[in-house]
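I'd like to ask you about the structure that follows.
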Amino acid sequence: MSEKPEHFIIDGKRLDGRRVDELRSVKIKLSPLDRADGSCYLEWGRNKIMAAVYGPRELHPRHRQDMTKAVVQYRYNMAAFSVNDRIRPGHSRRSIEISKVGRDAFEYVLFTKFFPKTAIDIFIEVLQADAGTRTAGINAASLALADAGIPMRGLISACAVGKVDGEIVLDLMKEEDNFGEADVPVAMTAGGKITHLQMDGHLTRDEFYEALKLAKIGCDKVYKLQRQALIEKYSGEYAENDEDAIPQAQIGDADE
Amino acid sequence: MSEKPEHFIIDGKRLDGRRVDELRSVKIKLSPLDRADGSCYLEWGRNKIMAAVYGPRELHPRHRQDMTKAVVQYRYNMAAFSVNDRIRPGHSRRSIEISKVGRDAFEYVLFTKFFPKTAIDIFIEVLQADAGTRTAGINAASLALADAGIPMRGLISACAVGKVDGEIVLDLMKEEDNFGEADVPVAMTAGGKITHLQMDGHLTRDEFYEALKLAKIGCDKVYKLQRQALIEKYSGEYAENDEDAIPQAQIGDADE
Amino acid sequence: MSEKPEHFIIDGKRLDGRRVDELRSVKIKLSPLDRADGSCYLEWGRNKIMAAVYGPRELHPRHRQDMTKAVVQYRYNMAAFSVNDRIRPGHSRRSIEISKVGRDAFEYVLFTKFFPKTAIDIFIEVLQADAGTRTAGINAASLALADAGIPMRGLISACAVGKVDGEIVLDLMKEEDNFGEADVPVAMTAGGKITHLQMDGHLTRDEFYEALKLAKIGCDKVYKLQRQALIEKYSGEYAENDEDAIPQAQIGDADE
Amino acid sequence: MSDDVMAEIHRDYLFNLVLKGERDDGRAFDEFRDISIETGVAGMAEGSALVTLGDTQILVGIKIQPGEPFPDTPDVGVIITNAELIPMASPEYEAGPPREGAIEIARVVDRGIRESKAIDLEKLCMIEGEKVWIIFIDIHVLNNGGNIIDAASIGSIAALLSTTLPAERYGLGEDSPLPVRDIPVAVTAIEFGGELLLDPSLEEGKLAGTVYTVITNSDGGISGMQKSGIEPLTIDQVMRVVDMAGTAAVKIREKFLEV
Amino acid sequence: MSDDVMAEIHRDYLFNLVLKGERDDGRAFDEFRDISIETGVAGMAEGSALVTLGDTQILVGIKIQPGEPFPDTPDVGVIITNAELIPMASPEYEAGPPREGAIEIARVVDRGIRESKAIDLEKLCMIEGEKVWIIFIDIHVLNNGGNIIDAASIGSIAALLSTTLPAERYGLGEDSPLPVRDIPVAVTAIEFGGELLLDPSLEEGKLAGTVYTVITNSDGGISGMQKSGIEPLTIDQVMRVVDMAGTAAVKIREKFLEV
Amino acid sequence: MSDDVMAEIHRDYLFNLVLKGERDDGRAFDEFRDISIETGVAGMAEGSALVTLGDTQILVGIKIQPGEPFPDTPDVGVIITNAELIPMASPEYEAGPPREGAIEIARVVDRGIRESKAIDLEKLCMIEGEKVWIIFIDIHVLNNGGNIIDAASIGSIAALLSTTLPAERYGLGEDSPLPVRDIPVAVTAIEFGGELLLDPSLEEGKLAGTVYTVITNSDGGISGMQKSGIEPLTIDQVMRVVDMAGTAAVKIREKFLEV
């Protein structure tokens, strides 16, 4: 682990030049994989994330099927070489927890009741990690689900907020995450319904409230980027035949 | 491991003041847990044991079901903090063996033929260990089975006998177990039918016979304590309606 | 590991006195085990191999059954004490790979289509290892299959060829395997159809071609030994009734 | 009637109760069930606590041994938290290695203790980069009566407060109390019928669409949170739970004075 | 006729035989099947023995390497006993890690060797608390023809008697024989139809309600016992097996002179 | 029409194409699909390469750390190769530890690198018997479009060529490039309808009775081979693949100049 910087914010600028309410640069590529039903490659700052979706498809073994709805499965995995010290392949306790809360982040927007006995499988591979992989993974998963054409109430958008040098800031980078005072990953629908929320560190009640409001601003920005990526990808394909062919549900707001 | 004492028996008294044919103090609490169908908390000297019973209940996965009888499952487990050096959670070879012979100790008294396709699950958790946990576990399990109302030919009662300072003694405590010459855990029906028997150390044929006879005396004492605990618990509940409501099979003798 | 010898071939003789195209001594014992449907004990130089075959028999769990053919299962295992440094019991990556290619070596000669939903199980136990255990195992398996009376197009015969001191030699012994320049395990039908082939080390194209031709010679020798063993075992049993009773398919050539 | 129908009826019953502002066991929405804490119950452990929260019973044991620090934090002690949902505790639990539910519980409790800086980990370093105290927190759930996470959190900090550093056993000086300097308390709410209920019973927990835990410290600050479950929460709902949790934690922290 | 009916008939047949004082293979109740012991069969092992007991075939190999003692017994060597019921040996065995049956066998054999003090473990300590010899006893069952535990016990002590301490390979002095000073012998009985039969065949073992093993030493003393199976035994029955086992063990021990 | 019937028709279609000397995607029998190699894509790795071979996408990352050598090779570095067929890459892959398919891929790639002596392992020894560099080659299959083994082989050596020894991070001197001195290339053929086809697509691979891989070095020599699948090959067929593989490998090796 590198040394703790003396200051994280100097003249309103963070170590990488961002303002406190600014996201890292984001690059989205839809459908990079052809075997999966939907996929998305996402660069979020120095994070590199691949997400793929399969389903709804038959769930094996059969005794795990739910007669009333699709079972959502979410697998967050870090490549062995995605961090400085090699990770042993396979599940860790950390990845099991992140997979669980990742799954919980999506069930609300998936019409699981439409697909009893099936599985909707969401796979996240972290290829390069630099703080914020769980929220970046949720953003990529959201786009991969849309890319797979799986009916959703709307997209899920995620970002982390935190506290460094006593200030609430958006989207912690590595140093801010390692040495900062708090980290709050959040995922929301476009309408601000929170489907994922964790926190560690130390915040007063009012700081936390401020953090939540900043998270809403961040998620709104993410949502615009996601929507833009889907429109670029799909408007071209459908535009000639039908202006309305972009499935609104996919890029719309679950809360409207 | 502490130092070996020079003598284990001085003036007919053992290190903790007991005579050679005396049990450690026993404390029984029935039904301490409400989720299980039956349960028993047992303090046996410094041992603290929790036993719980579920069943007869459906056995999963189905291919493990026996069409002709209930499958008895017995899980002996030591809490990570039950001994001086922390135990890694999960099965050890020792706990697997103890679970197997524990299961064998009960099948004779359970009317498994009455409950085909089901499981009778017996769980033993050792919370604090001080020699004799397997026999203490059997005693607690016996009471938990009775507490669960599972039909039995009778109770099983268990204790260990051993040899220290050349003498056959009842119910080895920790130091006697660590440094003694032999250890013989035994479980019996009230009529003296042996359902569990192991031995290690070194005994002559005649010493072993003497040990077995002392084990019978010890098991008789245990049986009285068990019966007493059941009467105290259940006679109150049923007494007003029916003097005979204490199910005799539960606290009776399988051999009568 | 011992020191590398200065020369592997002196005056046309190898370290153990063999010529370059000579096999180590081979000893075959059929049906040493009575529980298995067929078995073979094979000594190959200092290697000691036990092979057993069960099947065709019902395959569990059922979801692994193939409706169109028998599933061939092959388990190559080294006893913990079969090599100098004790091996932890259980599958290693090496044994998993050898089991896979061993299975592949036999499917061509087994009439799997005759036995849908079943398993043909081939078990190889290496009791003493001294280079060439995978080919020795295939030879033993081939005989155990014949011993089990499982219909086959013909036997499989295997040996390794390699390169030491710049020469292509048959059937590497331990020192030649450890310090040699290449190792090529091969298995064939009697007609020279290759069902198993691996290679590591360094060979030119022409050296490899020479090696393959030497492997054919080696496999032919092995085939004769296998055939001889089967005739000795089975001709006696059947000879009185029927000269032709030795099942030709078992010891014949899959390619005729 | 089938189990499903029974469950449906029971759900409707509880739902209608909540609409009337009531709970099945008569509690107010922000009211905890009875809590009792007994320490020192596991005599082979360096510290232990048996917590009952309503019908829930959890035994937490602390074991401590010397060992190596993590390479990236060479100057502080190590905390390893493990939760076992043993099959004794519930008909739904199965034997085997911890699954995601048990792992989540352990990790949330662990974060609460770690992030609140409740244990002075610097004091657990003996030789930088070489030798530190390793603290094992083992959470043994004996009876699942609902809201395991809060009971586990209470049990863990109670057990730590009762813990002795076993220096003598390892020839490393004199025994001393574990340096604990805060009492983080987890408070869990569920959302049900639009209402927020603290300390869900087993029944309530099964019906909950969302389970949301807030861990607060003695200074009122927040050191950990975890939302799980599939229903979303609004920012307003989140803040309401934060406020309820802060108030409830103060009351729970008073329990520690009674131990 | 179904397998079940066949099994039932066969059971009745064996039961009636026993009532007449006979066994299927003509043996007396206290008679063992033929035993053969061949040592040195696994040349890479420090010691080995192939034992056949009727149709049962077991290969035991001994590997020895230097290593650390257990913390609570710093001045003695270590014995680690493992049994593999490989799927080759029986249609009922499955591949995978040892299950309770294999673990029980290994542990009973281990106790017999350990408790009889057959190996002078003090002599296997090189540097107290640091370096001792670790002895791995690996029991490889090749063919299950019944009564594995006795064959494994015989094979283990035979293999140990043939074992050389490989000191030279590790640069730790000269090779020497393993210091073995007793020959513990396990003798197993089953209870069937009220009778006690030694050395059960595979068929007999399947019908047995109880399997009871007694391990005796050269001095006639008992160093280990294990009862498994669901039928109970009376004290009288136990003592009868103890006496039969002592007598049988003497005869089996004579076999070792022939090796 | 059922899936089986569709598969049968497709099989016949491809079979008839092959009889006419054609492939579904228009390639010649000895022609590879498009290959692209991009290095340095995984910035936390010491080296990495993303390879696309037709639809197949594989990311290989290299991690290096100091560690102990194997006891029997005390004076050389260690290579550990691992392949993960993650469930993202194909509907047929399942989560969990590597199965035989992934293990075979990793071991074949590993042998090609090891036996070609592509890495100068002697230079990775720091202190004989004590400290060497350990090289982890992690093969991450992102999209299975067929012929994973060749793509993994190309990706592994490309990643190694881009790798820096991270000496500074461990205080072990200055960073330097990994000493790579050859480019072993795996070329895989399948047998189908009596013909030999290089670089099988996913569809072709499913129909193949045999998959046969030949690894050649810059000098034209062969350093590794692996035949899998149930159909046999004649000596002639084997030699034809060897010759085709040598020619193809030369072309593939040219790709490395473009990186």
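Odds and ends about this structure:
A, B, C, D, E and F are the chain letters, set down in written order, and residue numbers restart from 1 in every chain.
The rule is simple: a contact is a pair of C-beta atoms (placed from the backbone, for glycine too) under 8 Å apart; a residue touches a chain by one contact, two chains touch by 3 or more.
Small disclaimer: the values here were computed from a predicted structure and weren't measured.
Taking the mean of C-alpha positions as each chain's centre, the chain lying farthest from the centre of subunit C is D.
By residue number, over half of the touching pairs seen at C-E are also found at A-F, the match among B-E, A-F or A-D. Rounded to a whole number, the gap between the C-alpha centres of subunit D and subunit F is 48 angstrom. Measuring from the averaged C-alpha position of subunit B to that of subunit F gives a distance of 59 Å.
Mean C-alpha position of subunit A lies 53 Å from that of subunit C. Residue positions of subunit B touching 2 or more other chains: 85. The touch graph of these protein chains is a ring, one cycle where each chain has exactly two neighbours.
Round the ring, from subunit C by way of subunit F, the chains line up as C, F, A, D, B, E.
Across the complex, subunit B is touched by residues 41-45, 48, 55, 57, 59, 61-63, 65, 82, 84, 86-91, 95, 97-98, 136, 138, 140, 142-145, 169 of subunit D. Subunit F contributes residues 71-73, 98, 100, 103-104, 106-107, 111, 114-117, 212, 217, 220-235, 238-239, 242-243, 246 to its touches with subunit C in the complex. The touching residues of subunit A, when paired with subunit D in their complex, are 1, 85, 93-94, 96-97, 99-101, 104, 107-108, 184, 188-189, 192-205, 208-209, 212-213, 216. On subunit B, the positions that touch subunit D within their shared complex are 32-36, 39, 46, 48, 50, 52, 54, 57, 75, 77, 79-86, 89-90, 121, 123, 125, 127-129.
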